[in-house]
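Presented sequentially are two complexes of subunit A, the first with subunit B as partner and the second with subunit C.
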Partner chain A sequence: MSIISEEGKKTLTSFSDWVSANSPDIPAEVVYPPKKDDHGHGHDDHGHDDHGDAHCDAHEEAHEEAHEELRSSAYEALHASDAPPAAPAAVTAQPKEKETVTEEGPMTERTFVRTLGAGYRLIAAVCGVLLAIILLVTVAFLPRFGSAENPALNEVSRRYLEEGLTDTGAVNTVAGMILDYRAFDTLGESIVLFTATVTVIFLLQQSRRKNDEARALEEEDLQQGVRSLPARVVIGIAFPFAMLYGIYVVLNGHLSPGGGFSGGTILGGTLILAHLAFGEQYTQRFATITRCTGILSVALLVYMGLKSYSVLTGANGMESMVPLGTPGSIFSAGLIFPLNICVGLVVACTMFTLYSLFTKWKA
Partner chain B sequence: MNNIPFITILLAMIGSVVTLLLNRKQKLAYIITQLIMAAVAVLSFLLIPYFSTGGGTTTYLLGHFPSPWGNELRFGLMESVLAFVFSTVLFLSIIGGKSGIRDDVQSCKQHCYYSLLLLLLLSLLALIYTNDIFTAYVFIEINTVASCGIVMVKESGETLKATIKYLIMSLLASGLFLISIALLYAITGHLLIPALSEAVSGLVVSGTYHWPLLAAAILMTVSLGVKSAMFPFHVWLPDAHGTATTASSSILSGVVVKGYIVLLVKIYYRVFGIETIRSMGILNIVFVLGIAGMIIGSIMAMKEKNLKRMIAYSSVAQIGYIYAGIGVGTWAALAAAFFHMIVHAFTKPLLFSSAGGLIEASGHSKLISDMTGAGRRNKWAGIGFIIGTCSMIGVPFFGGFTSKVYLAMNSQGFIFLVALALSSCLNALYYLPVALRIFSKGESEDILEPAGNASNYALSIGCFSAINIALGVGGFIVFNMLTKGVEIL
Partner chain C sequence: MTFFEIMLLLFLIACAISIFFIKRLVNAVVVFMSYSAIMAVLWLSLESPDLAITEAAVGCGITTLLFILALKKVNALKEDGEADRDEHNI
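Let's look at the complex of A and B:
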């Protein structure tokens, strides 16, 4: 999957690169000399082990190679007197690549695209400024922040504040709002995190492969953590307390400010710190990507189960059988307590999974 | 009966989590996905007779708290028809694109792909059923991330580039949508649609906060316009739809784009009220942009040499039809626009699936010039492409003809009629040469062997074609249903 990074870099370097790369008619070779030494044939060194995707790897590698060959041969055809006969061979070998190198357009077309790019940038700037002005003007027309006549201070927020305790049993009104009144939205938010995790797993999960020396060194850092002693000592001392604090914030979500989202962030952040200081070898003992995804999925399933119980009873006119308990005690507020734990687990696992996927991923 | 929408959403949710866990059993993940899609389609179909005889709409509490406080779903005839159409299209597209998924997605990652598809279904269902604009925003987020995910599955350079483009534009649109919700909340204090629309109509009568209301309406139009590829915001669409794997292209153009249009219509009619939108002038702008999309999308499609990109540009034109229909602003025209939406939802996946087959049959080349005789090598793809072409051009007895007739009958003016005629001619100009080319004899006949078809591919093409012809012949039944449906929207 080396092609990802190469193409990605090309995409992100600058807009004009993007424009020239995006239009097949423009000979990009004129702008970029062949980079054979950089990555043209470097792939032969990378062994691909067969983790069930040998086919895909081979295909993509061929794709990249053909691309490079075509590009370099086209360049030479343009600039050197002795054009190598490699180009037609590459074309027939990889008919799939035809769309990227259809025909070579005239030079005027390139300058046309250049000016088009500049024009786009100008239009983008004008649109951005206009949007900013419109939004600023709109804000000036909005009701005054914090004034008592605000339209937002209506029966909705009044009920949340005045009857929140009796309705939901949660001392923390925010927890009552997000996990009881509007718990479906919060379920949606948890699914957003889940979706992000799935997408990143999709993009970054790859089979292991051999690394060159620089990577091995980096790998060692990842495996064993940073070598800075103060960082290891401080994080070593703070780690259990931060974990404990995160758990406290999650469990007391319905009693004090905090809850699943903030507590989960603390937990996830602590795991990331431990990973930074002591390396993967250490965190692997209790948190791997597979395990985190598993916990994330199970927590989400539990949330869905509990929420569907409350929806199915609420919508069909039945009373919820879950007791609200005494306000202020830890086992109170009905479903809010377990839902907070689920949200906390989802957030912590998402953070840690995303972090470890990004550190593991190599171009 | 009333629990069905929530149960379908719940099924998709559970399915998406379960399929992610099946990382060693890709086949099982596929079966579970398809079972859930089929179950959602059947369950939604059960709602249609219930609402078409009983009429009316149902609000469904998501929890124990009623309208201004807790989340709600609301559904009637329109919503159940749309849910049925969307889940059916998803089901058939996945069947038709299965071989493409096998080739394009690494085998160790296919379960992630199925999980994303179920997340997409879930977000679409929630967008259709929701009675709360903030819930709509949350599920727009899911939809955005999941659809970017299914664009990039091929993991080649061009799909990643297309994904980044799509992601940036989509996120910009999400941001604008969130800002407009914040503006609406600041001036009304409500998020649930019934309470919100009451407050908005109060503001319109009293004339206070006119500017923030206008800004919110414009931002909503722009943001959902970007996401549904309304004409000047369509630039991401050809890249994203043209490079993704066949199943993804079908799903994105067939249903994902439509989900946002449905949401925009809901916001126009149920939050602001169509008279307010009309007096703000937004309806005229939508109409003009729709007309422009109809013409310019077709012209862009004519210039394309790449088959999938050509079909993608044709989507821009078809979305233009839908927006022009919405922009007319009468009930009948809105029903016609929805009818066109349904026809397009069944036609574009047919075209993309056929294109996938044709590309495979011509040595994986996407160029139209390499397609000579491809339809003879892959018969089902060829037939599917011809039927899709007929429907898009508007040949009588195909779905596209009926929907264009209904749009023309409700066009309310000369411009729309002319644009319809012109765009149909342009459609014929770029679809027919391809249709002729794929059935003409070429010299490549001997090099490339006839492609065999899996039975599921034939099934998918057959079903899409049959539905297209059914919509062409018996379209009035669906149209009458939609006319009834939009009035209680």
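Let's look at the complex of A and C:
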């Protein structure tokens, strides 16, 4: 019982956060009165449909009592469509001329949108059918899967399959391709991830400084993780095994299917799960945003350095100082092993940084 | 092509088409996730386990988590968010 009421309070606080974010002059305590009778009163006043207006009503009442004038235009537009049939107290309390504006504006807009929507749907249907036909016709002209006359079965793939083991030393030919023959391509992909992380940090870190009071309420939820006990137990059991599997996939990339990208994604996803279940308090012991960004940058630089070395030696016909080793053992395949670790770290840190930045961000 | 693969392909197409007609975004995300899971099994049956692992990790794992996080951030996980969306016909 106590858990349920806690849950209700939690949703209310988060909603009032949203309100105070929209109209920053109201302090969070005034906006949100968590009393039962307030809520009941609001329910009698407007005959909304029943689902989910617990937050809505309490919020409207509180807002009316506090500051009518501060009602933001975005909120008004959102609820203008509900207003005419229900006639809530908040709208009637407003000045007359403002009311006429809100009555007239959305109506014409809505009819316009509706006519536009009909035409848009027709165009969308025609475009979709046309695209489907074009794609199906194209598929009909594709060569049969696995046939010997395939254009994909040319000298390039034959060379990769026949000489790949002696060239790169990797048992897993795919790893040999993406981290040796085409490592430049993989470098580009890693840089794309790095750029995405940097962009997200630039975009979201500024808004993090705003409305600290409103954030403090949600902070608790973020720090503790989810309340659901089964989720915590299952994630707690699965977390070390998933982590271990991710590390295995990264380290064994040159021997078995997998490699930096897939293993890094598993690691990042596992970190995200831990963050989800046990909150920031738990994950910041081993993975903070600054630490992850540092690891990301260092891994990318190491990748660039290693690849520059192999490009230098390869282009000048020099013998690489890194031995290829015996195929099949863990320390083999030359530079592929460290490169896999670098890519795995880049991907895992990117995933986790993006997730934790987005969870901290408040609109 | 085995019977199993044909069933998977049919289910894949059903998933892809049904995403259009799902009103609740959370359900659409879950169907999208199942699409990725089927695709991962299909990659495995096409003998490309590398792609299968990546598809399972990215398609089922990360994408779903990010989608649900985004939905939570725009308050679309709540019921009234759904009502608003139907009203505006988006």
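The rule we apply is simple: the second predicted complex is superposed on the first by the 212 of 363 C-alpha atoms of A that agree within 3 Å, B and C clash if a C-alpha of one lies under 4 Å from a C-alpha of the other, contacts with A are read in each partner's own complex, and residues count from 1 in each chain.
We take it that contacts are C-beta pairs under 8 Å (C-beta built on N, C-alpha and C of every residue); 3 or more make two chains touch, one makes a residue touch a chain.
Note that the structure is predicted; figures quoted are calculated from it, not measured.
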{"item": "First (subunit B), second (subunit C), both or neither touched by A:258", "value": "second"}
{"item": "First, second, both or neither for A:314, with subunit B first and subunit C second", "value": "first"}
{"item": "Subunit B versus subunit C as contact partner of A:188, first or second or both or neither", "value": "first"}
{"item": "Subunit B or subunit C, by number of subunit A residues touched", "value": "B"}
{"item": "Partner chain in contact with A:141 - subunit B first, subunit C second, else both or neither", "value": "first"}
{"item": "First, second, both or neither for A:199, with subunit B first and subunit C second", "value": "first"}
{"item": "First (subunit B), second (subunit C), both or neither touched by A:358", "value": "second"}
{"item": "Touched partner set for A:272, first subunit B, second subunit C, both or neither", "value": "second"}
{"item": "Contacts of A:117 with subunit B and subunit C, given as first, second, both or neither", "value": "second"}
{"item": "Which of subunit B and subunit C A:304 touches, first, second, both or neither", "value": "first"}
{"item": "Intersection of subunit A interface sets (partners subunit B, subunit C)", "value": "11, 18, 51-53, 55-56"}
{"item": "Sites on subunit C touched by subunit A in the complex", "value": "49-50, 52-54, 57-58, 61-62, 65-66, 69-70, 73-75, 78-80, 83-84, 87-89"}
{"item": "Subunit A - residues contacting subunit C, complex", "value": "11, 18, 49, 51-53, 55-56, 78, 81-82, 113-114, 117, 172, 174, 249, 257-259, 261-262, 265-266, 268-269, 272-273, 276, 351, 354-355, 358-359, 361, 363"}
{"item": "Residue ranges of subunit B in contact with subunit A within the complex", "value": "2-3, 6, 10, 13-14, 16-18, 20-21, 60-65, 68-71, 106-109, 112-113, 115-116, 119, 122, 126, 132, 134-135, 138-139, 141-142, 145-146, 148-149, 152-153, 155-158, 160-161, 164, 179, 183, 185-190, 195, 199, 209, 211-212, 215, 305-306, 363-367, 370"}
{"item": "Complex contacts: residues of subunit A adjacent to subunit B", "value": "1, 3-4, 6-8, 10-12, 18, 21-22, 51-53, 55-56, 60, 63, 67, 95-96, 98-100, 102, 134-135, 137-138, 141-143, 150-157, 159-160, 167, 180-185, 188-189, 191-192, 194-196, 198-199, 201-203, 205, 207, 293-294, 297, 300-301, 304, 308, 310-316, 320"}
